[in-house]
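Common to both upcoming complexes is subunit A, partnered first by subunit B, then by subunit C.
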Partner chain A sequence: MVNYLIVLFAITLIYFASAERLIIYIRLIALQGLLLCGIAIFELTEITTANLLFIAAETLLIKTLLVPYLLSGITKRSGVVKVHRQAMPGFYLLIFSIAGLLTSVILAGSMPNPFINTIFLAVALFTLFTGLLMIVTHKLIISHIIGFLIVENAVFLFSLAVGNEMPMLINIGILLDIFVGVLIIGFFGLRLKPHTNELTILKD
Partner chain B sequence: MTGLILILITALFFPGIILRTKSIASGRKGPGISQPLKDILVLLRKGSVFSNTTGIIFRIAPAITLSSIICAALVIPFANQKALISFEGDFIFFAYLLALGKFFMIIGALDTGSSFEGMGANREAFFSMLIEPAFFILLATFAMFTGYTSFSDIFRHFFVTGDDYVLIYSIIGCYLLIQIAMIENSRVPVDDPKTHLELTMIHEVMILDNSGFDKAMIHIGSYLKFAIYGSLVFNALVPAGWSIWLHAGLFILVQVLFAVIIGLLESFRARNKMNKNPKFILTVSAIATIAFVVILIMTSKLT
Partner chain C sequence: MVLSFFSASLLLSLLILLFRNKTATRIVSLGYALTLIGFTVYSWTSLNSTELSYFTFSSAGVLLLSILALLALPTFYHGFIYTSGDDVKKHTIYHIAMIMLMTFMAGAYLANGMTVLWIFIEATTLAVAALIYHDRTEAALEATWKYVFICSTGIALAYLGILFLGLIYGRGDAANLSFEALAGIISQANPLYLKIAFIFVLVGFSTKMGLFPMHTVTIDAHSVAPPPVSALISTTLMNVGFLSIFRVYFLFSSSPVLAFMNHVLILAGILSLLISAGYMLKAKHLKRMLAYSSLENMGLVAIAIGAGGSGYYAAFLLIVLHSLAKSSLFYQMGQLSRVLRTFSLDNCGRYMALYPAGALVLLTGMICILAFPPSGLFISEIMIFRAMVFNGQWIVLAGVVILLCFVIYAMSIRVMHIVFSDPRNEPGTQPAAAVSPVESISQFVLLAIVVALCFYQPQFLSDLINQSISIFF
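What follows is the complex of A and B.
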């Protein structure tokens, strides 16, 4: 079951490269949160029930509900619908994305570790690559935030891979989630210039 | 042989089922299932008209296209039976037979000297080039999964590998094959066979100068291609070990469902803007790459 969810997770990453609307990005972030929750429930079989419940509740509340809600609030206020300020056309983004996927697989294959499932490592590296790609190829601040969220999902996914051995690592990942929530509300959500119809400029 | 006969029979009614689904979905009375077949019969009775600017290429292109598609159908297996033509690496032969047909259609379109047809040929070649990696990656994935490189062996051993995740491979394979079939046959969302403006056409604009018997051959080729892809979907879905009668029934069911899915997709989906098509097609290749990677990792063939 975990493998099915990871495949779906990888497909959402490809969808990021080809999507053009912010609402799709936000839905994908919510979907990734849901998938991570499922992966956590099925993968973390050796940690305590309380810890597992906390992780599942956190991924559902913060990753699937709160962060997408905040992001959609920002996009509604700004009126920006499309990710029209890409530095690079989607066609090339997709090519880079495919190259990133293959590179991740080669990297994951060249680092065999008996404690880590290769598919977790490959998809986590691919997620990291997609997040970084989004940050460097997009100009909208909101795209950068989404890129950062994807990077953070990569960290979370990787921490899930070793969650049974090191449960504390997941809790650190959760702290990163909460940090991102605060970052979005405090820095971007409240400081974006209103009525400029752009998501590239912050208030002084 | 049974597979070939079934492909030929289903190809006869495939476009009719698509049309019927579309007319029901849009609330129209619409034409009957046999209407495309009647249109083909009318075209077959007519002679072809050739422009003075066209040469031998334009005249032979439809026949070569149809014959290459029929030859490609000979490579497709059915149930436990081997295909009529079967050898190691026959899926490459299959892909390039279809590519040969397309190549002749493209140079036939260029032979007319019409700028419209040149534009259509350009688009068709570009989109075919983009979808080719998806098909090869998918077939390479199947070949890697089963350890065989011919269609007959791949599909015969697909469900007997004992892998727990065979269902996920089957579903991804079917999804990709449906998308590839839609793009290869120039259907929505990449192209719309019902469009009336030459500037927005892809496949239809290439065959503007073809008429009568030649046009009938092109249409028959297109219907056969649908049935061939439908039979690939069937092979990826149904285990080869079941009884032949059950297979025959399921084959027809899968083909009808395939046609209904295409009809529904065309009814409820908007056509892409022309400049969005490359990205859309590349996405299909990207998903094929994911399938390849997933199977590579899950079958522990990476290290």
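What follows is the complex of A and C.
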């Protein structure tokens, strides 16, 4: 079951590369939160029930509900609908994304570890690649925020992979989620102009 | 004692919040600085002991904590001057954030495990964000956004590195990720995992050390941050990043990836030097130029570690001296902005005529930071060159020397212009404020220490540095 959910998670990442409307991005972020919740429930079988409940509640409330809700608020306020100011066309992004997936699979395959599922490692690396690619290739601030959320999901996915051995690491990953994710969206998303790329006051 | 220090920091911050009065805030802040100094004195008496399981008074940690304690009083003093015109709300937020930043940095210096270290570094980002946003301008918002965004992305990458560290050997062998537990299993680890972990940690914590490729985060922050905050970002906070990277390097040095790490560090160092030299040549903003100078020095530190041998000692010495020299230059920026009303290099000039004490600080600081004798940095850079000669790294050495020549040229002509020449543009209509030379005393004291360390390095300093690098010899 976990493997199916991880593959579904990887598909959402490819969808990111081909999507152009922000509402799709937000729905995908919410879906990823739901999938991470499912992966946590099925994967973390050796941790205490209280800890599992906390992790499941966090992914469901923060990642699936609160973050997409805040993002929707920002897009409604700014009136931006499409991510139309990318630095490169969507087709090339899709090619890059698939190349990233292949590289992640090869890299994960070359790092055998008896305590981690290779598919976990491959998809976590691919998630990181997708997030960084979005930050680098997109120009709008709102796209950067979404790129950061994808990087955060990569960290969370990876920490789930070692969660049974080191549950403390998941709690720290959650710390990253709550403090930074909500701060970035809640504070900057509302004060900056998320539909622009007008961050040019400070330059050499 | 660690718990008492953290509790006292929290209590003093709450007192500031409770009083909401400028005079009381200043008194409490001074109380905090004295608490920090007292805690540092205690750390000297408790070297190598562990408290609360997660904090160890290691030599490297105590050394960097001592620098923080040394800079605490001048930082608060210049902060009092900078915030004197602020309303009570801004004044309160500034001082609470400053106390929190210093406390988080102290925690990061003393952390004995990767996870605790990571938590404190993450916390410093939040405190620095509040300080950069102090002036509430559009530029401050942009710089704060960039700082939080890039730091958070970097810290997420560093966290991935930590997760890889958790996988280097096997199940539950180092579940708490303490440096001690990891050191015991590192020699049996998969080298590929170690390499990946090191790259992630280096890139991630470069956001704090201000090293290539994440150097941009601090450059923009310096443009708008209050000068005392810039002084800390450019010194003690960079030291946090340095220590984090050095801890992982130290940990992995007994494994087969040592040569790989050295190559990566030298590459990162050379690229940092290249970027700093290039941007300093076209710098038009004084504080940004100083920020690029910090990038140059951190690049040298990375090269020193990568060169090994006497480079290890040189790296620590450079970190100590750079902290003292660069902080005094940034403190001076607060006075300069009140006298010249600008940081734009085209509008700066005749500083010697307007404020001789400040001009002397600028000139002495320039000599110190560019490692001209009798600056102590001269000794550390000579030691780095010697390490490279010893290793036969002639091409790297030639590259470093050429790039340093560009840095020296770029910085010296700009500082000379500010001090002696007329401004290129017509001066503004705002009159220069009267600034007392007394404000420069702390800067002269710090620069005097930098010069003194060129001629004499006290035994306690050499001992602490040698203990910090003892594993390599």
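Here, the second predicted complex is superposed on the first by the 187 of 204 C-alpha atoms of A that agree within 3 Å, B and C clash if a C-alpha of one lies under 4 Å from a C-alpha of the other, contacts with A are read in each partner's own complex, and residues count from 1 in each chain.
FYI, contacts are C-beta pairs under 8 Å (C-beta built on N, C-alpha and C of every residue); 3 or more make two chains touch, one makes a residue touch a chain.
Everything numeric in this text was worked out from a predicted model, so none of it was measured.
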Should subunit B and subunit C be called a clash or a fit once both complexes are overlaid on subunit A? fit
Where does A:67 make contact in the superposed view: on subunit B (first), on subunit C (second), on both, or on neither? neither
Which partner, subunit B or subunit C, touches the larger number of subunit A residues? C
Return first, second, both or neither, reflecting whether A:122 touches subunit B, subunit C, both chains, or no partner chain. first
According to the stated criteria, A:30 is in contact with first (subunit B), second (subunit C), both, or neither; which is it? neither
After superposition on A, vertex subunit A (C-alpha centre) with arms to subunit B and subunit C, in degrees to the nearest 10, comes to 140
Contacts for A:98 in the overlay, against subunit B (first) and subunit C (second): which applies, first, second, both or neither? first
Minimal inter-chain CA distance - subunit C and subunit B, angstrom: 15
For a test of understanding, state which residues of subunit A touch subunit C in their complex under the given definition. 110-111, 113-116, 128, 132, 135, 141, 144, 148, 151-152, 154-155, 158-159, 161-162, 165-166, 168-169, 172-173, 175-176, 179-180, 183-184, 188, 191-192, 199, 201-202, 204
Which residues, counting only subunit C, touch subunit A once they are in their complex? 115, 118-119, 122, 125-126, 138-139, 141-146, 148-149, 152-153, 155-157, 159-160, 162-163, 166-167, 170-172, 175-177, 190, 192-193, 196, 220, 223-224, 279, 282-285, 288
Contact set on subunit B toward subunit A in their complex: 165, 168, 172, 278-280, 282-283, 285-287, 289-290, 293-294, 296-298, 302-303
Residues of subunit A defined as touching subunit B within the complex: 3-4, 7, 10-11, 14-15, 17-18, 89-91, 94-95, 97-98, 101-102, 105, 108-109, 112, 118-119, 122
